[in-house]
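Chain lettering (A, B, C and D) follows the sequence in which the chains are written, and residue indices restart at 1 in each chain.
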Amino acid sequence: MLTLDFHPAGRHFLHIPGPSPVPDRILRAISHPTIDHRGPEFGALGLQVLDGLKHVFRTQHPVVIYPASGTGAWEAALVNTLGPGDAVLMYETGHFASLWKRLAERLGLRPEFLGLPGIDGWRRGVDATMIEDRLHADRERRIRAVCVVHNETSTGATSDIAAVRRAIDREGHPALLMVDTISGLASAEYRHDEWGVDVTVAGSQKGLMLPPGISFNAVSPRALEAAKTATLPRAYWDWADILPMNRNGYWPYTPNTNLLYGLHEALDMLMHEGLDHVLARHQRLAAACRSAVRGWGLEIQCVDPAAYSPVLTGVMMPEGVDADVVRALIYDHFDLSLGTGLGKVKGRMFRIGHLGDCNDLMLMAALCGCEMGLRMAGVNLQGSGVEQALHHLSSHPLESARTA
Amino acid sequence: MLTLDFHPAGRHFLHIPGPSPVPDRILRAISHPTIDHRGPEFGALGLQVLDGLKHVFRTQHPVVIYPASGTGAWEAALVNTLGPGDAVLMYETGHFASLWKRLAERLGLRPEFLGLPGIDGWRRGVDATMIEDRLHADRERRIRAVCVVHNETSTGATSDIAAVRRAIDREGHPALLMVDTISGLASAEYRHDEWGVDVTVAGSQKGLMLPPGISFNAVSPRALEAAKTATLPRAYWDWADILPMNRNGYWPYTPNTNLLYGLHEALDMLMHEGLDHVLARHQRLAAACRSAVRGWGLEIQCVDPAAYSPVLTGVMMPEGVDADVVRALIYDHFDLSLGTGLGKVKGRMFRIGHLGDCNDLMLMAALCGCEMGLRMAGVNLQGSGVEQALHHLSSHPLESARTA
Amino acid sequence: MLTLDFHPAGRHFLHIPGPSPVPDRILRAISHPTIDHRGPEFGALGLQVLDGLKHVFRTQHPVVIYPASGTGAWEAALVNTLGPGDAVLMYETGHFASLWKRLAERLGLRPEFLGLPGIDGWRRGVDATMIEDRLHADRERRIRAVCVVHNETSTGATSDIAAVRRAIDREGHPALLMVDTISGLASAEYRHDEWGVDVTVAGSQKGLMLPPGISFNAVSPRALEAAKTATLPRAYWDWADILPMNRNGYWPYTPNTNLLYGLHEALDMLMHEGLDHVLARHQRLAAACRSAVRGWGLEIQCVDPAAYSPVLTGVMMPEGVDADVVRALIYDHFDLSLGTGLGKVKGRMFRIGHLGDCNDLMLMAALCGCEMGLRMAGVNLQGSGVEQALHHLSSHPLESARTA
Amino acid sequence: MLTLDFHPAGRHFLHIPGPSPVPDRILRAISHPTIDHRGPEFGALGLQVLDGLKHVFRTQHPVVIYPASGTGAWEAALVNTLGPGDAVLMYETGHFASLWKRLAERLGLRPEFLGLPGIDGWRRGVDATMIEDRLHADRERRIRAVCVVHNETSTGATSDIAAVRRAIDREGHPALLMVDTISGLASAEYRHDEWGVDVTVAGSQKGLMLPPGISFNAVSPRALEAAKTATLPRAYWDWADILPMNRNGYWPYTPNTNLLYGLHEALDMLMHEGLDHVLARHQRLAAACRSAVRGWGLEIQCVDPAAYSPVLTGVMMPEGVDADVVRALIYDHFDLSLGTGLGKVKGRMFRIGHLGDCNDLMLMAALCGCEMGLRMAGVNLQGSGVEQALHHLSSHPLESARTA
């Protein structure tokens, strides 16, 4: 069989926008022996991770952990709160918003998709006024939920969730607010309670620095209320089975023990660094990355500076350049993984992830790989993006990386 | 925060009927760095594990891998093949059969439950004639599926799936046959194709020796055909999304990368030992365990020798003894985890797991812990079960454990 | 090349008297990335392990750590304190005492070997009166050092070091007292300062639960004084180079970084369990092991109950039985490693290690393997040793293994 | 106690010239359970690593493995072949050559030190004509050994060992040739047999990519012959004890089991990449690093292009700049460890390691850290070294890093 030790000499550089590089600490944590998920130590572990998650989501309310990928948590959010044929207002910020909409359709909901046409909507965040206008028009209050993506992993645009909340509130509309922050949590600022989100969907393999395999629903009291009458069939995803057992740190079915070990370690790391520091670190790295893109004379996919993502940066290729050819060359020569263009921007851009357990020199390594690869692919660059990023980082020093 | 290094001096003995003890090799495998789930090495890995699984399920047809616990794979089997209100024939072999039935109800199906009353049905396998009779009575062929549990983890009884198949065939009934072998796969003999199973549900944390977190549907051509017209809403679980991408070793959403590393290692271990040898090892250990229970003068929960499970053995307590008190004492004094009695047999029995990466001395350690604990708890034993098990093992030697 | 994953199904049982089973925690600790041995974090680590070792040796004075096996630490003790041709009084307690004497000869010392003839001396500890008599006869005080083995790994006899100290003191003899407690440290009681030991030699792979690769000299002020005038050539072993740098947590040459990580973890485990509890655990397991040997009707190699080792038990075979044939059979059938008979007792006995990270069920597993193997080899046993050991352990319960 | 998880967010960059970054594969290998060092699997492992080492040293003759740091292997080379008071010709190439000379003195040898005065000798390799002249003057053939350092870790200069051999041969001088390639092995070309080296000294923590803790003597037939009459006292280091046991894959004392697991993995990695490819990779990275130093307008410590080291590059600081202040700043801000200036060049230079498991982006990360740190420290740079290195690497592409 194939060896699991895939890579050539030296370290692989994983700069897709998730899974993000899993720190050694977490890899060691998930290699602890699996224990009885009904024993006393497991219950203690369960309580700790359930409690720690609240800090990360900035909520006082429960967070549900699923042994599932983020797609499962999308489904969970919908089936726990809605009924067949319910109208849902969704917003096309990019590929993942589109996938969520498709999933809603397959579950028998009737999603309506707002957004700008073509790829324009894929280059910025949510326009809350469009949502407000649409809710305003919904005189019969048929729309049961507003679903938006906080950080669009396919584009590198972050939406203003508080603004969406205000739009709903200004209309006094009863729709639930559901937000996907799968790639945003613990990398971009996110405030479940303060922003009045009803269901937050998140995943493990991004800012939480874990391997993929668990995902989350943070749930407001209103969402719990809605769940009581929601009629979509559900079992695996049902909050009502999970929450009572969670009170003692257990689950109704076998949880993903070893990823929970990793989650415990990740929460410890985030708390130790300090969530505010984590977010500031992401902003600083993202700014350095954008200065590199500008240094190359290339376009940042996100055209709205207010929506620049701290998680990833989309890099548009000049006309005639196939971004996937560039990516393959970079992968082949420099053992650097970048994100591909998805859906409407397939082949037109690549994505640089700078999320999770990332630091200055990891980012610089990635930018060096990009710069060499772009030149080797014959892309006409205006200058050295690496130089710009070096300048940005050294002129915006952290107090000390060592005390981070 | 809590340290993850829970246990006191020396090795913990995990003898619940799953999660089974995860071998060091697999723990190291899952601690490989997470890679790009869309990159070329991942595709190669995906193809290998998808192919290797076929050998374990003994099928030529596809096996679907879910980032989910076994409960999710139960749900997947049903939603991919059935419609709202469909009649399903299920069989009460124990707690897990009951949970599957409850899940079916919550998905909007109409399960009918066969089986013996009280705990009688919890002490043996499926009676195929009851199924045959019921199908015979189903003149309108309303029953869309027959669902049985192959190895009841709550009781230690293994059912004769081939006999169920024959019962269906004798009636010429079109119902799909769905089998839960979550705790049976790779420990008890199982033949998806030969036995004509349409959907086999399995999990990672038992005979596959992995941590929990992924689960499986092995799918027959008839099941795939049924899926085309099945009307229960589904998205996450939908075979139709997964199978086309699996052809290149990929998945439509982020798979559980690190558990797939572990699966790769597990398949390598199983192939290297040889699946027949693995199954024979389980049978031999189970027989030794039962000889210990008899040596103690206690009752084996399963009353039908033909249904004795090679995976676990249920041990009934004498009247007046609370099995959970015994279990707690054993856990406390000997750092040995045993399975609790579930549902109808709560407090009346405990379960000894001898599955997965188990060998003679691991079993003997567990039996020693049981024997000491039973005595310390004041349970009146007829003799030394340990002595009986020692006798069984040494008089039934493997050719060589070293060449296993 | 050969796979590193040597063993067949299930866990290997390592019951040689060292290397002892390395706990998972320590294996994970040694798999931390290697760091700069001259950086600030390393210095902090160095100070911590150097300080923690003092508690284990029960000394206020320095403990030197060598990147070397225990044999190296034997050599270090001698070359730091003695000169060519110096007379050294050694005592034949078994194979390792003999090896130390041979090493002394090769370094140009003149060791004199006390002890009983034949294998009689290999079945008990040091007779301090023989040492006292010999020192008394040394009117010219030519003997520069008395060297004894605290716990003879080849026999399972522990010597009374305090008695040796008293013997020296009664004579007012200036000889240094050097003690090998390679297999005793952290398993058998040991008190460097209180017993007036000048150089204690120890290793990593026994009670400290580490892999082999580092070893120790604990050094009294008198030994340091002797080192100033000692004339054997030395460089690698020289305390004078190491101790000044140790003051800041560093070493003059590259230390064994990853084993120091393991040492840090081991010290944490020992402190957490409590050294007294660790020693009591060893005594209890050793007593259970001996009760098994008696139950089989076999002879314990050590004939003096006062000298019974808490670390290992030597089991004499009846006439005509080749112990190594029995060991090989046990290894082959039950994946259990036992210690071979060494030197004078080659083929006449085997050794059961019950040291380091050992607990009740690990010992019982080993005893079960021995009992089955002895029977399979046709050794005539008087009864079930396993039963005796079970009885011993359950009638001498720890308060709780869980709180150990 | 201190956590072992020292570092702040993201990956630490270890670019000292050893210990080099230990690949994950090797860290996992050394975390395999410790086994019986006298059992059959261990013997098989021993034979494999002893055989594999021959390929790396390019010798047909034995390689001795010590559980010791490189300093121990220095001592071993001398005590196995020489007698008290023997004259030894050594050559001052830098700090480590000086340490080896000091060690020889302490063992009672009479080393004579050739080389250029001041730091001039620390900026180039061995001048073989100086050795030839000195041997020529040694009419009485009193010089018993010529000792040189192949790759001076303190300076980044590699000496021409074949030229030294020719110098000895031209004189027909019987002195043994002993070479320290502790930091050169498996990074710089080295040919034990072809270059007529009698004893090669090497270590684990450089090109072999292991943690520190084991070291080596490769031994020619002439060296073995010399060992028969050599009179320095020795025991731990004695080849005569080790070599006979090595024939079956065992050692006379407990070897460093877990580092041998790592060695097995390292040999597998080197063979898989191909030793020639490994060496070419090092040369390419070193050339890129030097182009960066030139781009900064700083001086490379090694002034002789023929002696440029593929392992590390010494970077001289301009007058008035304290190299250790720069290093500390870089460490503090960018979590990058560089080598300090040692001995005569303390504070005047720092060292960039690019050895072992290093690749393009790891080197670029280090160079980015250096460039930012140099600027932040106020060092006047002539230009961007990073840009020069990027240019070098992209204009000298490997065929494919992926197939390395």
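Keep this in mind: contacts are C-beta pairs under 8 Å (C-beta built on N, C-alpha and C of every residue); 3 or more make two chains touch, one makes a residue touch a chain.
Keep in mind that what you see is a predicted model, and the values were worked out from it rather than measured.
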{"item": "Contact-richer chain pair (by C-beta pairs counted) among C-D and B-D", "value": "C-D"}
{"item": "Longest centre-to-centre distance from chain A, chain (CA-based)", "value": "C"}
{"item": "Distance from chain D to chain B - Cα centre to Cα centre, in angstrom", "value": "54"}
{"item": "Separation of chain A from chain D, taking each centre as the mean of its C-alpha atoms, in whole Å", "value": "45"}
{"item": "Between chain D and chain C, distance of the C-alpha-averaged centres to the nearest whole Å", "value": "34"}
{"item": "Two or more partner chains touched - positions in chain B", "value": "5, 21, 24, 28, 31-33, 331"}
{"item": "In the complex, chain D residues that touch chain A", "value": "5, 8-11, 13, 21, 23-25, 273, 278, 281, 331-336, 357-362, 364-366, 368-369, 371-372, 375-376, 384, 386-387, 390, 393-394, 397-398, 400-404"}
{"item": "Residues of chain B that touch chain A when the two form their complex", "value": "1-2, 4-7, 12, 14, 16, 18-19, 21-22, 27-39, 41, 44-45, 48, 52, 66-72, 74-75, 84, 102-103, 106-108, 203, 205, 211-214, 232-236, 238, 252-259, 261, 264-265, 267-268, 271, 331, 337, 340"}
{"item": "For the chain B and chain D complex, residues of the former touching the latter", "value": "24, 28, 31-33"}
